[in-house]
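Below: a set of structures, written as structure tokens.
Shared chain: chain A. Partners: chain B in the first complex, chain C in the second.
Right after this comes the complex of A and B.
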């Protein structure tokens, strides 16, 4: 059991990653085909993990219902909806008439409404972000003003504004972004190397 | 053959060389120093405050696809979970990707076992929300009135939603990402942040092992090499010489 839980994932990770990395450096058609196949398997593995996720949702909401919490009615609605979509999807596939109707006329409007409410959060958050409460926020605010000056009426009455905005975008912003990207990319290489070689096993519930 | 493959391979080989050399050197000397990350201190402060207030803390990886940032986040999650276990504070985790659920459960379980508090672990607090992550996360933060809010990973606009929801309850907020398009917003809205590579380096500071120290050193050495190459390249191109550019693209 210990082998399956801790060693097998490392062996599988190393084997798959070796092929994917090697096909980038060496032009061997068989390895390229195998690498493409491994990347497709990723979708299948994620589908298995989805079952775990659904298990977690059922456990959480069933617990709330059985404890008769004040939010139990919402938990019941969640579980009933989950069951309906699961049953209809399995019965007539996700391209079926009923499933499509449920998706287009129940899920989509609800999702859109839910997403629309985030507008208020974004507006309020933007106000909070642009409020000068620390030096970072001050830099963000000044940069934002400079960027806004390049459009509309400002650019007509202040012809130098677009040039300043372009300079902010092309020089300090790009330099900063590239510094972060290069630094992070190198760290990603290190982290990936540790995981691929099995030197780091924190995500499997183990240490080094 | 892709352009730049030869140089890419050399860089990778150099990285592996420095990685093993630095790791072995650390094993011998035990010397490693890094500047203290404010965000780590803030995480502890947030969990301490949550303990005093009797409220939970919230954790999310954001909505981005599974990438190396998740691996960095797991180390920080383990740190936060250890503190939560130590102080008997609940940590609610909102997850968008199903494949992350078992890994998160394992990381948290390990932290609780190490603290000898496995019996206090609330497994139902690791919550998979899928596509409903954002509204569910806002709802969770609001209902539980969290005292601390952590978001580490591949962040997109959901970081602003999280910041806003938690700010209403004066939660201490710590976020980290290497997504440059979100960094300005989390810098302005949070109490402390991890910028790009800091997420990875923090792991070495939390637990300096040969593997982690080697990784940080290798990244730092190559950073210096790259900066040097950039300066030389800029000078050469200014002088009308493109030989370095041609060499790198081989």
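Right after this comes the complex of A and C.
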């Protein structure tokens, strides 16, 4: 039983990872076919993960309702909405008239409206946060203003603004983003190596 | 009076913003819209495609990004159709399928030379995001068996012409900023990558354009408006640019006013401390 719990997942992980990684180094058609099959399994598992997500949402919100928390009414709304979309989707598929109506006239406007409210938060945040309290805040504020000035009509009346903004964009921003991207990629590679070799066991339910 | 500038009731700011946002929509001002070199180069990359070239057209955004992404989708859909390329559309985001359906129907209705299954196909949602793209690269034909409408793909002539991802000339991805499509798709030899994204995702994707990994890159409402002008199909993005310019002007004004108030208040507090 101990083997099944702790050793078998590591053996399976190592085997699957080896098949995927090795296909990049060896041009063996049968091996590539096997790797493609594994990748297809990955897609199927991801689809199951979506169903698992539904289970997670139901568990979380049902718990809030049963404990009669102050936010229980929102949880009830979430579960009712979930049930309606699920029922209609399963009954007539996502191509059905009712599902399309729900998507176009309920989900779409609600989602777009919730995103549009960030317009107000940005205005309020810009007014309150962009105060020149120190040199860092000044750099942040000037960069933000330059980015706004490089777009649309401002670049016509202030032709120097896009040039400065382009420099900010091309040099410091790109350098920073590349550092973040490369750093994250190295971290992912390092962590993947630990998972493949069984050094990292957190995902198996225990510690390292 | 000036001290109060640093502490204006936020509801007044909201009210002014609403007026500045709505007025240009009701009475367009027609502010000039310059076209950036980035937009021109991105346009040129698609313009270089020849009729019959095979293009992936990825639609990966949800309704929250519709205001920025749908105008991009329409403008780029126009351009791809004007070039006469063969399109295979796909989506990897839950909820993006509706935009795929809409742009498919739009192209089929606006461009009579497009016939479903012959030179345009819409593939269904696939879960897994990066894993799904990896699967496309490894075995496109094995991954998909039916199209977005549930019809068997092997009955469509265009699908039967395709052997795999290596047959494609360009991947055009309209997404809300993620780069998980780019890592797998950049493994396909000779496949040119092109991206349209939201303004907030521009800083994530821009280095990939600057490094030459992508041949085209536009972002936000401004990118959509520029592209609408380039394909000579003015739409909702061009109309909304007045609002965006007015909004930016107002935010800059608020920032300046807030700072004037803050500096005056800080100086007054420093003086008061000095007196003590």
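Annotations
In the analysis below, the second predicted complex is superposed on the first by the 128 of 208 C-alpha atoms of A that agree within 3 Å, B and C clash if a C-alpha of one lies under 4 Å from a C-alpha of the other, contacts with A are read in each partner's own complex, and residues count from 1 in each chain.
To be clear about the criterion, a residue touches a chain if its C-beta (ideal position, glycine included) is under 8 Å from a C-beta of that chain, and two chains touch if they have at least 3 such contacts.
Predicted model only: the values in this text are computed from it and were never measured.
Judged by the touch definition given at the top, the superposed model places A:183 against chain B, while chain C stays out of reach.
Of the two partner chains, chain C is the only one that A:32 touches; chain B does not reach it.
Of the two partner chains placed by the overlay, chain B and chain C both lie in contact with A:122. When both complexes are overlaid on chain A, the residue A:140 reaches chain B alone and has no touch with chain C.
When the shared chain is aligned, chain B comes close enough to touch A:191, but chain C does not. Of the two partner chains placed by superposition, only chain C is touched by A:156; chain B is not. Look at A:199: by the touch rule set out above, it reaches chain B but stays clear of chain C. Contacts of A:114 after superposition on the shared chain: both chain B and chain C are touched. In the superposed model, A:59 lies in contact with chain B only, and not with chain C.
Shared interface residues of chain A, touching chain B in one complex and chain C in the other, are 45-46, 49-50, 111, 114-115, 122, 124, 126, 128, 130, 177, 181. Across the complex, chain B is touched by residues 24-25, 27, 45-46, 49-54, 56-57, 59-60, 63, 71, 111, 114-115, 117-118, 121-122, 124-126, 128-130, 134, 136-137, 140, 143, 176-177, 180-184, 186-195, 199-200, 202-206, 208 of chain A.
By the touch criterion stated above, chain C contacts chain A in their complex at residues 6, 8, 10, 13-14, 17, 21, 31-34, 36, 62-67, 94-95, 97-98, 126-129, 131-132, 134-135, 138-139, 142-143, 149-150, 203-204, 206-207, 210, 220, 222, 225, 241, 244-245, 247-252, 254-255, 257-259, 262-263. Looking at the complex, you find that chain A touches chain C at residues 32-33, 35-36, 39-40, 42-43, 45-47, 49-50, 93-95, 100, 103-104, 107-109, 111-112, 114-116, 119-120, 122-124, 126-128, 130-133, 141, 144-145, 148-149, 151-156, 162, 169-170, 173-174, 177-178, 181. Across the complex, chain B meets chain A through its residues 1-2, 5, 8-9, 12, 15-16, 19, 67-72, 74-75, 78, 95, 97-103, 106-107, 109-110, 123-124, 126-128, 130-132, 134-135, 138, 143, 157, 160-161, 163-165, 167, 178, 180, 183-185, 187-189, 195-197, 199-201, 209, 211-212, 214-216, 218-219, 222-223, 226.
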